[in-house]
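Given below, in the form of structure tokens, are the structures.
In what follows, chain A forms one complex with chain B and a second complex with chain C.
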Partner chain A sequence: MADTTHSPPGAVWRARGRSRRSTRSVRAVTSAAVVGAVALAVLIVPPLVQLDEQAVDLALKLQPPSLAHPFGTDDVGRDLLLRCVYGLRVSLLVGLVAALVATVIGTAVGAAAAAFGGWTDRVVMRLVDTFSSVPHLLLGIFIVAMFRPGVWPVIVSVALTHWLSTARIVRSEVLSLRARPYIDAAVSGGSSRWRITVRHLLPGVLPQAGLAAVLMVPHAMWHESALSFLGLGLPSHQASLGNLVQTARGSLLAGDWWPTLFPGLFLIVPTLAIAGLAGVWRERINPRRRSELML
Partner chain B sequence: MARMTGRRMLFAAPVLLVVTFGVFAVAAASPFDPVKAYAGTAGLTASQETLDQLRANLGVDQALVPRWWEWLTSAVTGDLGDSSVMRRPVADVITERLGWSVLLATTAFVLAILLGTALGVAAARRPGGWLDRGVSAAAYTLEAAPAFWLGLLAIWFFALRLDVLPAGGLTDSGSDIVTFGQVASHLVLPAAVLGVSQMPWFYLYVRQGVADALEEDPVRGARARGLSERTVLLSHAWRSGMLPMLTLIGSRVPELITGALLIETVFSWPGIAAATVQAATSVDFPLLAALTVLATAAVLVGNLLSDLLYGLADPRVGFDG
Partner chain C sequence: MLELLDITAGYGRGAPVVRGATLTVAPGESVGLLGPSGCGKSTLARVAALLHRPQAGTVTLDGERVTGWRHRAPRARRTSIGVVFQQPRLSADPRLRLSDLIAEPLRAGGRRDEVADRVGELAHTVGLTDDLLGRRPHEVSDGQLQRACLARALVLRPRWLVCDEMTAMLDASTTAALVTVVEEYRGAQGAGLLAVGHDRVLLERWCDRTVRWPEIAVAV
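Moving on, here comes the complex of A and B:
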């Protein structure tokens, strides 16, 4: 009886669930395809094509998009599609390294704070709060300004501003794991604190830390491109997408839009694809929480 | 409320102290040399005694802690040192430019809140509908798009293509007099781009909040009483759906500062964020240090405001925090 009276909302809920699942799988497949295409382009194009992305041809300067140059050419006649692929390669590499460093720091600090507890925990988390109250890009600008622009200062400045959220996530995850019975069992079994942390707690937080790392890659790329755009990032012979937008400013003010438009799109599309994949992953490891884009 | 404000400010003081010290510590660890920065090209030909004298005058022969303490004590009296890139006292640079930054940031913030709320409520009425899907897709794309890129494209479209708005600056080139009309027309483009780039976050929160509220009992009750859909949406769902966004409104200050750093630079807006970038490019430590601390203070004020707003909007929350 109760079942029949409640059947309309139940049916609605089920129908909505099904349609949501199908859009979710579409999103997962599209995101995976884009991420795959980006990886292929970045890994395979440079060795395969054997073209010089720095090749200057002043006769072909500032050509609008055409069949020969799908993204057009820049102010010294370099093909923009090739420049964008190489720029994405640099941006992606910096983003990956920075995200990796930040995740290692964040996981170590978060796990240590939670495992030691007490004063260590309080002091460390206060420091994390203090660090977080400086706007990240500003802190990055400050570090790069003091240490001069270059690849490593950029990576360090991005990594140093991004570990904070990972530290918080890992800490709360370790705290919740620590309350579980198998940890009690390990403690009564006489395991040392170090062994419990490394063998029982860290493996438990790895999925969350990995998710945070994946979501951090587009954010780190964004950060790097902002620094490069401001002239505080990578040197121009290692042009990232941010450098490309920066050098296109002159052409843009002369009315040529393509050298600005395409590098930006090259940043947006992988960001959306990685965020889409991470959203699917999050729903899998954390099914109760609603998916939201974290950038 | 006053008690909580006082208490939170007491907590903010140590944070600011640590940040100022951190700024000095980073500078001390870096290869940056204030004497060379001060002397510029003259430093290349100057004798060692002159450089040593300069070193003593600038106080950089001292250790990190006394140097930091000296800066701090004179900062309290309003003396923040001299900016090498602007060739003026740092305090003057800040007072002259702060107003323009506040004007730009406030306009953009208000625009982002209004636009995000309006779109969020409209999209929440029919989750999964065409409006929801279209605006949500646009919001995710905008959230992923770099603000400087949006700014450049806006300049290209509105200033070059349509030629309806100025491309940057505070006044038309050639005129030194700052009039209301000039500032207003120069404000439109940077404020709109900064506002639109901040909008997705507000939109996503309001949409989620209102959509959740529409499923809750008070709304079901209001519908059962036969209230019009308009009343249900605006007086019931909207009010409770706004709460999650209100609590986090102050935490958007860092993002606003980040956006301002990029937008002010793109549009040559004479604010402190553009000055920060200039200070960084020419390694102007006194200016950069002061502006970093100022931005941190703004973030702390934002956090405080956020807590106060939440208390005002939701009477269930006390102020004892």
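Moving on, here comes the complex of A and C:
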């Protein structure tokens, strides 16, 4: 302690900067490792080990975690580890596709609203406000209810309810980019509106839109789980994280913790990892926040 | 002739920034516009460059009255005026390499076959090396970037140049170099120049005549 108080202030600042950087890289490395492990698991395990959704072995029902079944078994004797991996695969698929579709819709709508401006902008953004005023889980339930249960209705429902925030982000970003002198220079250089949008505005909002998409993946996974938990998402025999938690509710009251805990962890840990990566990315594309914190 | 007659311009619904300004630049002439910061010089320069539609007043370019600004102006008319802005950082798309930055107006006009020749020629004129041409804006200094911005303004051989505080962010030697480039271009092409700034000494040495802000505008 005595050393620290007597050393020049510069040394203290340097030390602090170094420790911050290492925290950040620890977060980046951990998140990347988890995301990598998850990606490997959902890509490699299903082709190696087939999951028979209908297989029932009542002799093995509700076994606590053991070497043969590291996550235990569920109330009809199915291995929970395998079902968790399969469930994660479905959740990730829904999350990725829904986030991608929502981002494309949101970017197109937001960029169009900002690029056309005037009445188009006003009408489109009031429509966005109107949709946003309906709780999106409710809207999602409404959309899912129109179709037979399955993966695609869930994806459509999540995608159609989640482009609104991206549209807002992209619109405001395009509006701020449009006021930069380099857009003036492009106008003066003879670029058409279309060329300015494609060459200068869209590449400019791409990092923000990409960040919104990555942050939306976990959100979309949670929506899939919520819909399945409510019995509206995927068919109840299909392994999905929401269905797993839903079926585990009964056994949790009887004191069997593992059918709830492990699917829950499978939902939470990848979510945190993806959010961690997104956080690192956000600091890269917007380093001002970091430097403000360091002051 | 580039004539601005009784121009009133501003932003939004507030009071106009420029009121009743009148200014004329003859072909081949260089006019310096002097004024304190915040008086509306840049706004007037943007009006003259067809980038900002005035609320009132007329702009006449080569004898024809201008009726549309920005994209409403025909491309040929827009590109007959080259513009250099004050801050090179903000007037260069951060994703483009300097060579692409300079070539952008040619590409936008579908003249891709001229890109290699013109970029090489202009890079030599403004003093950019091949190494610098391959870098992005954040990898070069303000002065180097402003050289690229000047090259971009000259790439389509405009008949008019509007330099809005072109040298305000630069050191003396870069300032001298860029002014020389502009003057050589004007000598070769006979282009008219509107140079906006607050550096009286520079503008009086650079331009055929200088006008002070209060002389051209109605006092607000």
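Convention: the second predicted complex is superposed on the first by the 260 of 295 C-alpha atoms of A that agree within 3 Å, B and C clash if a C-alpha of one lies under 4 Å from a C-alpha of the other, contacts with A are read in each partner's own complex, and residues count from 1 in each chain.
By definition in this document, a residue touches a chain if its C-beta (ideal position, glycine included) is under 8 Å from a C-beta of that chain, and two chains touch if they have at least 3 such contacts.
Only a predicted model underlies this, so the values are computations on that prediction, with no experimental measurement involved.
*Asks:* Look at A:Val144 in the shared chain and tell me whether it touches chain B only, chain C only, both, or neither; answer first, second, both or neither.
*Replies:* A:Val144 sits against chain B, while chain C stays out of touch.
*Asks:* One more residue to check, A:Ser192. First (chain B), second (chain C), both or neither?
*Replies:* So A:Ser192 only meets chain C here.
*Asks:* With both structures superposed, pick whichever of chain B and chain C touches the larger number of chain A residues.
*Replies:* Of the two chains, more chain A residues are contacted by B.
*Asks:* Contacts for A:Val134 in the overlay, against chain B (first) and chain C (second): which applies, first, second, both or neither?
*Replies:* first
*Asks:* Touch test for A:Leu272: chain B only (first), chain C only (second), both, or neither?
*Replies:* Only chain B; A:Leu272 stays clear of chain C.
*Asks:* Between chain B and chain C, whom does A:Tyr182 touch in the aligned arrangement: first, second, both, or neither?
*Replies:* A:Tyr182 sits against chain C, while chain B stays out of touch.
*Asks:* Would you sort A:Arg249 into first (chain B), second (chain C), both or neither based on which partner it touches?
*Replies:* first
*Asks:* Have a look at where A:His200 lands relative to chain B and chain C in the superposition and call it first, second, both or neither.
*Replies:* second
*Asks:* Of all residues in chain A, which touch chain B in the complex?
*Replies:* Per the touch definition, chain A meets chain B at residues 16, 19, 127, 129-130, 133-139, 141-148, 218, 222, 225-226, 229-232, 242, 245, 248-249, 252-253, 255, 257, 260-261, 263-264, 267-268, 271-272, 275, 290, 292-293, 295.
*Asks:* Using the touch rule from the top, collect the residues of chain B that touch chain A in their complex.
*Replies:* Contact set of chain B toward chain A: 15, 18-19, 23, 26-27, 30-32, 128, 140-141, 143-146, 148-149, 152-153, 155-156, 160-161, 167, 204, 208, 253-255, 257-258, 261-262, 265, 276-277, 279-281, 283, 285, 288, 291-292, 295-296, 299-300, 303.
*Asks:* Which of the residues in chain C end up touching chain A in this complex?
*Replies:* Residue positions touching the partner: 46, 49-51, 70-71, 75, 78-79, 81-83, 85, 87, 90-93, 95, 104-105, 108-109, 149, 152-153, 155-156.
*Asks:* Considering only the defined contacts, which chain A positions touch chain C in the complex?
*Replies:* Counting only chain A, the residues touching chain C are 180-182, 184-193, 195, 199-200, 203-204.
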